[in-house]
Every structure is written in C-alpha cells, then in structure tokens.
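After this come two complexes, each holding subunit A, first together with subunit B and then together with subunit C.
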Partner chain A sequence: MKKNEPNWLMVLRTVMPLGLSYIPIGLACGVLLHAAGFNHLLTALISVLVFSGGAQFLIASMLTINAPMTTIILMMFFLELRYALLGSSLSRYLKGQRLPFIFFFAFSMNDENYAVNYLKFATDKQWKPSQAMLVEHYSLLFWTVSNIVGSLIGSALTINLSVVDFALTALFIYMAIMQTKSRLTILVCALSGVLTIFFLVLMKSTLGLVVATLLASLTGYFIERQLIAHKPESHLLYKVHDPTGHSAMEEDSDK
Partner chain B sequence: MQSVSSMSSLDHFWLVIFCAIVAFIPRFFPLLFFTKRKIPEWFNEWMRFVPVSLFTALVVKSVFIDSKYQVMTSGNLGMIISAIIVGFIAFRTRSMTLSVVIGLVSVMIFVLVLHI
Partner chain C sequence: MTNYVLVTILLSGLVTWLSRVVPFAVIKNLTVPKWLISFLSFVPVAIMTAIFVESLLTYHAGHWPGFNLANIYASIPAILAGILTKSLLAVVITGVIAMALLRLVGLG
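After this line comes the complex of A and B, so read on.
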C-alpha cells in the first residue's frame, strides 16, 4: 500500500477489478432490459434499487417470455434469499454500527462487493466499515452507468452472454482460491460443488445454491470441530501452501 | 396474466419496486440482527465456511448448469478449461485483475474463436 494515498483513491484501486468486470456485464444487462421493454429511467432505477446482475438478467428474460408479475417477484424472492447468508457472515465486522449505516450497507450489498469486502475484512485489519460502504458505492456507480449506457445503445450491440458472464465467474474463482486456507476448505469446496449440481437440478431454482452452501459450510464446521477436539494432528487441518509467500492468507488474530 | 405488450412502464415501475423490496429484506434483517446481538462463537466458526462454499456454488452453477437448471453436457468445455486456468492464475499470482482479465481472454478464445 502506498503511503499518503488518499482514502478514496485507495478504495477505488481495491474495487477497480470488480468495476471493470461490471462494464461488459452491465452493458449486456442494459441491452437485455431495453429489449424486454424497460425505458432508460427504469433501467437506471432497477440498477440502483435491485443491484444484482443475476436478478436483472432473470427479470429481463422472464419479461420476454411473458411471465406474470407475481411469478417474477416470487422467483426474485428465492433468488435473493442467499443474501441472508452474506449479511450474516459479514455481521461480525460491522458490529456497533448505527441503524442508518446498516440500512444503507444492506441496501447496496451484492455478491461481488460482498466478496471484495469479506476478503478485505478477513485479511486487512485496517479495513473499516466506511471503506466497505465506499466499495459498495463505487461498484454501484460502475454498475448503474454501464446499465444506462447498455440501455441507450440498445440493440446496436450483440453480446455473447456466456462470455460476458465469465468475468464474474473468474472473480468468484479468485475469491474461492483466496479463501482456501486449509486442506479442509478444499474438501468443503468439492462438497459444495457436488451439492450445488444436485440441488439446482432437484429444486429447479437458485434456492439450490442456498441449500448447498448451508450444507457444505455446516459440514466443514462440524468436521473442523471434531478434528480439533479428537485429532488435532490431522492432515486436513494443514495450511495450504501460498506460492507468493504473502501473509494475505493469514487469519486475523482477533477472532 | 399480463404480457410484455400489455405491461406498461407503470407496471414495470411497480415490478422494480416490489423486486427492490424482496431484494432488500434478506439483505437487511439478518445483518441487522447479528450486528446488534452478541454473536455466539460457533456461529462465527460456521460462517467462516460460508463464503468459500457460496463462491464455489456460484462458479459451479455458471460453468455446469444451464438456464433450465439442467447439467450442461456440451458447449461448456471452453468454460471448464478457462475456469481451471483462472484457478491456477489466482493461486500463483493472487491478483484479482490478472485472474479476471486472463479468464475473459481465455473464454473469448475458447468460446468465440474455437467454439468449444
């Protein structure tokens, strides 16, 4: 970290990879919403109020297949339930914040800026809730502007969705790798992957993501507890080698 | 039942408002609950496994599951190879920017150029 760098610039540097990957995805999302009949103002509104790539893609595709409004809202509800997990796991870093802060923090939280913030909170003891909020607002700005531009360009742009969407997939792969601290975590990842496929196919909704995440994380927790209690020398508790030798993977000591 | 043609901008407006409400509820209340109360240690220990499980789940969903919630059996080889490349880059370099950029370039080559 550079010395004397102003806070806004330091946070912007942290959020930049996310902001850049939001540009193609936001453009694509704006194009789709435009095709689904949304005007520019509504596209801007939904980007700020809902602020979730997956949700906005879903709304656009549901509108183009003439789905009734109640169905869309119900699907949204199941899609967004996973945010309960995100909020719960960030809560220990936001203790003592005032209600308005919690309100606005929750309002602009999504998968991607959660990922950035969780990593910062877990590895950087200097990371403050106000900086986390700034991360959210920067990502919101990138997202909304990209959506509006996409909406304005409209059908002039042809986009391969699976390619554009891979920017976020790459981001999540990076986050998963950075969170892999012990061999046990690798086991939890594998379990989560298998459970995800099983429950998504079974439940035909993103609720499968929630169930898989809950089961995999609970299994990891119970295995870790059993190992620490009965078999503390287990190979599963070994730390994963970090080829760069940075201390970024080390747990915060104040846990 | 409404269709696209009969859905006015006002309908869209209400759709956005309702979606915003259902999106806000699960983001806000768990966060509020757990920041205002003493969090039990077991809960923190459990939550430590949540991000990695969720990220893996999101990756597996986008690489292996199609929009109809069926397992993709073809057309995703390029994404699988790109995902492995990104994993390797992330592990070696620990750089978010490099991971995303190389991932995008690789998936463009595999999907748009080589069509796998």
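After this line comes the complex of A and C, so read on.
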C-alpha cells in the first residue's frame, strides 16, 4: 500500500474489482427493467432503494406476470431476510456509531459490499466504519450508473419481448445455480420446483410461490438438522463439485 | 401502471431497508439463532427456483396451467452452461440463442 495515497483513492482501489463486476450485470438489469416497462427514473430509483440484482429481477418478473403487490412484497421480505444475518455479523465492528450512521449504513449494504467490508474489518485493524460506508457508496454508484446506462441502451434497442422473457428466466437459472452449494440444496431446488407447480395450481394465485418456497426451505432446514444430528457422514451434505474450480463465495471474499 | 410500479418499488425499498437495519438497531447484542441461519440459507435458492419454474408454465383462463415447452427446451442448454461455466453471460447468451433457434424451427 502506498503511504501518501488519499483515502478516497485507497478505498476506490479496494472496491474496484466489485465495481467492475457490477457493470455487466447492472447493464443487463437496466435493459431488462426497461423491457419490463420501467422508465429511466424508476430504474434509477429501484437500483438505489433495492440495490440488489436478484431482488430487482424478482420485482421485474413478478410485475410482468401481474402478481399482486402483496405477493411481491412478501417475496421481497423473505428474500431480504438474509440481510439480518449479514447485518448481525458486521454490527460488532460498528459498535459506538451513532444511530443515523447505522441507518444510513444499512441503507446501502448489500451482499457484495458486505463481503468486501467484512473481509476488511476482519483482516485490517485500520479499517474504519467511515471507509466501509465509502465502499458502499462507491459500489452503489457503479451499480446505479450501470442500471441507468442499461436502461438507456434498452430504450435505443427494440427487443423481442419473448427473448427478454427468456433472458429473465436464464437469469434465475444462473442465480439458482450460483447458490447451489451442497447436494441438499439441489434437493431443495427440486422440491421447490414441484411445490411451486402444485401450489400455483391449488391456490390459483402467485401466493403459491411464497408457500412453495417457504415449505421447501423449511424441509431443507429439517433435513439438514436431522442429518447433522444423526448422519453427519450423509452424502447429501457433500459440497457440489464445481467444474470451474472455484465457488461464488470465494470470488466474493478474495476481493 | 407507472404509479403502481412506483409504489411497489417504494415498499420493496422499505422492506429491504428494514431487513438491513433491524439487526444493527435492534438485535445487535443478540446472536441470530442457528435454526434461523440454517432456514434462511435455503430461502434464496428456493425463491430463484420457484420463479424459474413459474416461467415454465403458461396460463389460460379456466384451465389448468400448461407447460411452456419452448422455455423448457431452451432452459436445458442454459442450465448446462450454468453448471459448466458459472458465468452469467454464458447462461443468458446460451439461453437466448437456444430460444432463437427454437423459434427458427417453429417450436417457440
């Protein structure tokens, strides 16, 4: 590390790999949101307020299937619950900070900048909460600008709607695969798929999605608990073999 | 429509912010129970799969949902690309090309 490097530049260098990785997915997100009927302003707003590719894709695709607002908010609630975990593991590094700082910090925290900050706090004694906040703001800037540029690109192109539809489907395929870490998660995926069809037919509403995902996750939890208690050697707990030789978590944490 | 989207975004933003701030502001001296961590670790993957499966169905009023065969066929190469490359771009491009080919041969 250079001695006389100004703080803003040092933090920017820390966040650069993350910022660059946001550009392609942010552009894609902007194009898809535009195709789903968002204007540039709404795209900017959602990328600042929600600041999560997965959640933004979720909202866009639920809006395109005309899901009621309550269902969208419920899905968002369960999807975002995992932030409770991220926040509780960072909070000990932010002890003694004023409440407005905490509120503002939480506002722009997401999975990726959490990973950067957690690693920094854990390995660098000099890392300060104000620098962590700057990491969040840089990543938010990269993300929002990519989204807006994507939205502008989207308005310049005429995209076949069925192609966009399938691009969204492909995104969910990608996100599901990236989160498949053990054989048990594959089982939960399969169960979630079957339950989704069952409850969509049974309830004739997109609320079936909520019921299916909760039941599948609960089942996954109970199976995991039983296996750890009684059969810790079970092959279901094995990690999934990764042909590319590295996992998403490692990609995030070595920044 | 735009107002509806706007309200949805604002509420989604609120839900997101609440879930991010609650552990800092309220439970900062508590440790999150293990069962909750285990349960929550399955939620995102279950949601992504559910949305994916939902996009494989088609709806007609008064009928049982049918399968969107074009989406199902195009998903197969996209899933393979995902497992083999773990690359977002590869999955989307493979899927979209597969979809375009299906349309070309009249299946889409």
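Throughout what follows, the second predicted complex is superposed on the first by the 154 of 255 C-alpha atoms of A that agree within 3 Å, B and C clash if a C-alpha of one lies under 4 Å from a C-alpha of the other, contacts with A are read in each partner's own complex, and residues count from 1 in each chain.
Following the convention adopted for this analysis, a residue touches a chain if its C-beta (ideal position, glycine included) is under 8 Å from a C-beta of that chain, and two chains touch if they have at least 3 such contacts.
Please read all numbers here as calculations on a predicted model, not as lab measurements.
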| item | value |
| --- | --- |
| First, second, both or neither for A:Tyr118, with subunit B first and subunit C second | first |
| First, second, both or neither for A:Pro17, with subunit B first and subunit C second | first |
| First (subunit B), second (subunit C), both or neither touched by A:Phe107 | both |
| Touching partner for A:Ala28 - first (subunit B), second (subunit C), both, neither | second |
| Which superposed partner A:Leu9 touches (first subunit B, second subunit C, both, neither) | neither |
| Which of subunit B and subunit C A:Gly193 touches, first, second, both or neither | both |
| Which superposed partner A:Ile153 touches (first subunit B, second subunit C, both, neither) | neither |
| A:Asn66 touches, of subunit B and subunit C: first, second, both or neither? | first |
| Residues of subunit A contacting subunit B in one complex and subunit C in the other | 37-39, 42, 45-46, 49-52, 55, 59, 61, 63, 69, 72-73, 76-77, 80-88, 90-92, 94-95, 99, 102-103, 105-107, 109, 162-163, 165-180, 185, 188-189, 192-193, 195-197, 200-201, 206, 209, 212-213, 216-218, 220-221, 224-225, 242-244, 248 |
| Contacting residues of subunit A [partner subunit B, same complex] | 16-18, 20-21, 36-39, 42, 45-46, 49-52, 55, 59, 61, 63-64, 66, 68-69, 72-73, 76-77, 80-92, 94-97, 99, 102-103, 105-107, 109, 111, 115, 118, 160, 162-163, 165-180, 185, 188-189, 192-193, 195-197, 200-201, 203-206, 208-209, 212-213, 216-218, 220-221, 224-225, 242-244, 246, 248, 255 |
| Residue numbers on subunit A that touch subunit C, as the complex places them | 24-25, 28, 37-39, 42, 45-46, 49-52, 54-55, 58-59, 61-63, 65, 69, 72-73, 75-88, 90-92, 94-95, 99, 102-103, 105-107, 109, 162-163, 165-180, 185, 188-189, 191-193, 195-197, 200-201, 206, 209, 212-214, 216-218, 220-221, 224-225, 242-244, 248 |
| Residues on subunit B engaged by subunit A in the complex (per definition of touch) | 1-4, 7, 9, 11-20, 22-35, 39, 42-65, 67, 69-71, 79, 82-83, 86-87, 90-94, 96-97, 99-100, 102-104, 107-108, 111-112 |
| Subunit A-facing residues of subunit C, complex | 1-2, 4-13, 15-17, 19-25, 27-28, 30-32, 35-57, 64-65, 71, 74-75, 78-79, 82-86, 88-89, 91-92, 94-96, 99-100, 103, 108 |
